[in-house]
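Each chain gets a letter, A, B and C, in the order it is written, and its residues are counted from 1.
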Amino acid sequence: MSAKIEKVSIIISKGSLEGVYPGLIMANGARAEGMEANLFFTFFGLDAVHKARHEHIKLATVGNPGLHLATWAGGLPGVSSVMTHYLNNKMEQLDIPSIPEFVEMIADTGAGLYACKASADLFGITKADLIDQVKDIITVGEFYDMAAGGEIIFT
Amino acid sequence: MSAKIEKVSIIISKGSLEGVYPGLIMANGARAEGMEANLFFTFFGLDAVHKARHEHIKLATVGNPGLHLATWAGGLPGVSSVMTHYLNNKMEQLDIPSIPEFVEMIADTGAGLYACKASADLFGITKADLIDQVKDIITVGEFYDMAAGGEIIFT
Amino acid sequence: MSAKIEKVSIIISKGSLEGVYPGLIMANGARAEGMEANLFFTFFGLDAVHKARHEHIKLATVGNPGLHLATWAGGLPGVSSVMTHYLNNKMEQLDIPSIPEFVEMIADTGAGLYACKASADLFGITKADLIDQVKDIITVGEFYDMAAGGEIIFT
């Protein structure tokens, strides 16, 4: 029963830096362990595979007390950019790839990348708007079929 | 082993528009596939089944870089309402029901709706405050009993 | 198949009051039911087991429409502290322990506490920075090994 996890289906639903990385790290770790891994991008998480947007994902500096910024400071013009820049620099030092590079790397390991149909319709996004690594835009039902026999992780 | 998912237990813990919809869409999709689906409303997610609040759920316009609003703009009076109105309009065009309608629809498909006891106590909420479709206010232990044999999805 | 859940592996990834409590409540409930329970602290969730920070976790008052504060009001200096204080008081009346007490209580029930290596590296955190109840700083691969045979809950 507790032999090994065979498959993970990771949903990325948020469009902030700290919303996207955990799912990518978990997908990458799963592939490194030889597990099947699929990533499903939904709602604002779609930005991570959107050609025009995936290089511009920022840290949420307000509504994020974990940053230990004064709440009003987080809302000042430029603060989100500065903090994002700071964190990106630190990640570079640690050899953590940027989101576009990381997504490409994960696709190269054989993980499947999918976009959510309901969200794509809502935002008027078509397959042409998404990076080539995205295999398909799929429905919730198709997601469940793919996820069967593994763990679903909603991030 | 990977035959089919039999059951999903979806926890809705956030009280924003983009926090509530994913769980509803996943519950609805599960029922459409003939899977057992139960929804558990906890913390601010309780708003989605609260009689006085379920019609007033808004998009989080700050702390949500996915919206690509300047951070300071998201905090301006009225911006959250305007963006919520805009998204609601788009959803209407796509035949995505409003949250109160969607919750009712999902209950009609036979999904179970439950509220979390710890959260209800915290906010001083009783069963009378919640929409009639909520079957019960339950403990975490009762949740786990119901979720056994399926996938738990925390949103 | 739907006998009982044997194990839960709960990931805490957020550093706000409303981001940390749900995972703690679910871990505590799992132990009360005699299930194996492990907690994994990652990203801003690390604050909940950080010696210098775990007593200072605040409610997110912006980006949290569930609070029904005007968006601009949530960003005013002091509002996050006031709301956090108010909620903490209410929790005290309901015998809900503070985060540091709750984490200690859960560790005492035999749940395992772990920190995520990638996040610890990113924030320059070592084991000495974390409370003694944290057993180890582990990789994603080690997490999956521990989680096998149970439910993964990402909060």
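Here is the rule we use: a contact is a pair of C-beta atoms (placed from the backbone, for glycine too) under 8 Å apart; a residue touches a chain by one contact, two chains touch by 3 or more.
The chain list, named the UniProt way, goes like this: A, B, C = Peroxiredoxin family protein.
No experiment lies behind these values; they were computed from the predicted model shown.
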Chains in simultaneous contact with subunit B and subunit C: A
Same or different residue numbers at the subunit A/subunit B copy interface, by half rule: different
Chain centre separation (subunit A, subunit B; CA means) in Å: 21
Per-residue overlap in subunit B, given as positions that touch at least 2 other chains: 60, 62-64, 74-75, 151, 154
Residues of subunit B that touch subunit C when the two form their complex: 6-7, 11, 13-17, 19, 42-45, 47, 53, 56-64, 74-77, 79-80, 118, 121-122, 139-141, 143-145, 147-152, 154
Residues on subunit B engaged by subunit A in the complex (per definition of touch): 1-5, 8, 18, 21-22, 25-26, 28-30, 32-33, 35, 60, 62-68, 70-72, 74-75, 87, 90-91, 94, 96, 151, 153-155
